[in-house]
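Chain nomenclature is as follows: A, B, C and D, assigned in order of appearance, with residue numbering initiated at 1 for each chain independently.
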Amino acid sequence: MISKSTIVVRYAETDQMGIAHHSEYPVWYEVARTNLIKCIGLTYTQMEQMGVMLPLSELTCRYKGAARYEDVLTVTARVESISAARITFAYEVWREGEDKPINTGSTTHGFVDSRTFRPINMKKKYPDLYNKMKNMIEG
Amino acid sequence: MISKSTIVVRYAETDQMGIAHHSEYPVWYEVARTNLIKCIGLTYTQMEQMGVMLPLSELTCRYKGAARYEDVLTVTARVESISAARITFAYEVWREGEDKPINTGSTTHGFVDSRTFRPINMKKKYPDLYNKMKNMIEG
Amino acid sequence: MISKSTIVVRYAETDQMGIAHHSEYPVWYEVARTNLIKCIGLTYTQMEQMGVMLPLSELTCRYKGAARYEDVLTVTARVESISAARITFAYEVWREGEDKPINTGSTTHGFVDSRTFRPINMKKKYPDLYNKMKNMIEG
Amino acid sequence: MISKSTIVVRYAETDQMGIAHHSEYPVWYEVARTNLIKCIGLTYTQMEQMGVMLPLSELTCRYKGAARYEDVLTVTARVESISAARITFAYEVWREGEDKPINTGSTTHGFVDSRTFRPINMKKKYPDLYNKMKNMIEG
């Protein structure tokens, strides 16, 4: 399963090089991740209300091209791997009509309790949710 | 009483006009407001822990000049007025060595309960804190 | 003429109060303004290439309600007034299914030359564009 | 050579988890990188005026702890490696009084012509600047 989100580059996201600032890509990844999680019938907000947070433990971004103001981008997100302790998502940023992504990246998140910030064993504590996330890898 | 905070314009804060984006000024005002509140011997974090939040009800900004990457700015903050229900801060943004501010502005904030988001009568509920804030206007 | 833009509140746009940070509204206004300008058959990028920039001279925001992560908002933009030297846009931010906007605001922009940052008399220099913008007020 | 920059976490940088949003770290890295480049007697602005830009080709961040509003952080930057085509910087984010960094990361940048965005052979075109940067690795 893969989610596709449309991002139109905002003026505020550009920098004096005339391109979208590199720190915006993780923000766009997050929009795509939000949409991916919705695909399993859950909102990120509901997950936080259940008591699960997914703070980042790692982020990687590879910039192959530049995005400019008003560019219409498609950001894809998918689950790359999952364990009881953490989940990794992979992303691609595409500009309309091009045959290679302008950016690829990944984020790894620990599963933590939203009150204590302590690690959760997702597989044991929320087996249904864990399995739904795991199943996203295949299909 | 007036607080003075130094801001060095970040690359990420510029836009493709080559100047600091206008939405950064409210962020800098907030830095200056944080420092002003420290002047009464309290951090904003402590206020939130006491149960008081100050969400904005109004913002005004007047842009008279542009700020550029690596510019060293001084942002001043002071209490302009206060009532039992709300407080207004005034700000000026100065560039080193110039005789007029490049930006002036104000923010008005309601006093609300941090759990319920309902209005608080600050004068009755936290008279000491209210008086400290009120006294900042004169001196 | 009025433009309507859909904004879904991003996680990165929230703050520790659990609401969209007040400095995001000017960014959303800008998205709405970009879409409004497209209504006259021009992109903001094309205007900059023609040599016209619209830096802000004034911003006002009134916050009447809070926006939360994943909220679906509609941001409207329209031209409020125009002169040879400047243009004022008005904005409203609505949350789906509510009968009052959660935020209203305005931005005033000077017309400046994109190379020199000097004021342009828009009415004289680009009468067609000026008239298109002026006509947006009525209809 | 290593630069040390002080960052105080801004309210606007927090998210609804109550911690600094992960996309702020690349912005702080950039502040640290700006200060490191100043150590060789040059500003980033001067480099852009010389015709050299350093867009990112890669970013990595490892999050080991969380930063909160008003936390006073030290961000270190150093040159990790350099070639004729690109330069890699390494960063650490420390919180006062702790014995491990809360975040480590790196950015890799291509040297490009600021007008054409084409790669520059830095070693050939700006040997002095190249050597200054290279020398930062040792000392």
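Going forward, a contact is a pair of C-beta atoms (placed from the backbone, for glycine too) under 8 Å apart; a residue touches a chain by one contact, two chains touch by 3 or more.
Model, not experiment: these values are computed from the prediction.
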item	value
Between B-C and C-D, the pair with more C-beta contacts	B-C
Per Cα centroids, the chain farthest from subunit A	B
Mean-CA-position distance for subunit C and subunit B (Å)	24
Distance between the centres, which are taken as Cα means, of subunit D and subunit C, whole angstrom	33
Junction residues of subunit C - those touching two or more other chains	11-12, 16-17, 19, 23, 26-27, 30, 69
Residue ranges of subunit D in contact with subunit A within the complex	16-17, 19, 22-24, 26-27, 30, 48, 53, 55-64, 66, 114, 117
Interface residues, subunit D side, partner subunit B - complex	8, 10-12, 26-27, 30-31, 34, 43-45, 68-70
Residue numbers on subunit D that touch subunit C, as the complex places them	11-12, 14-19, 21, 23, 69
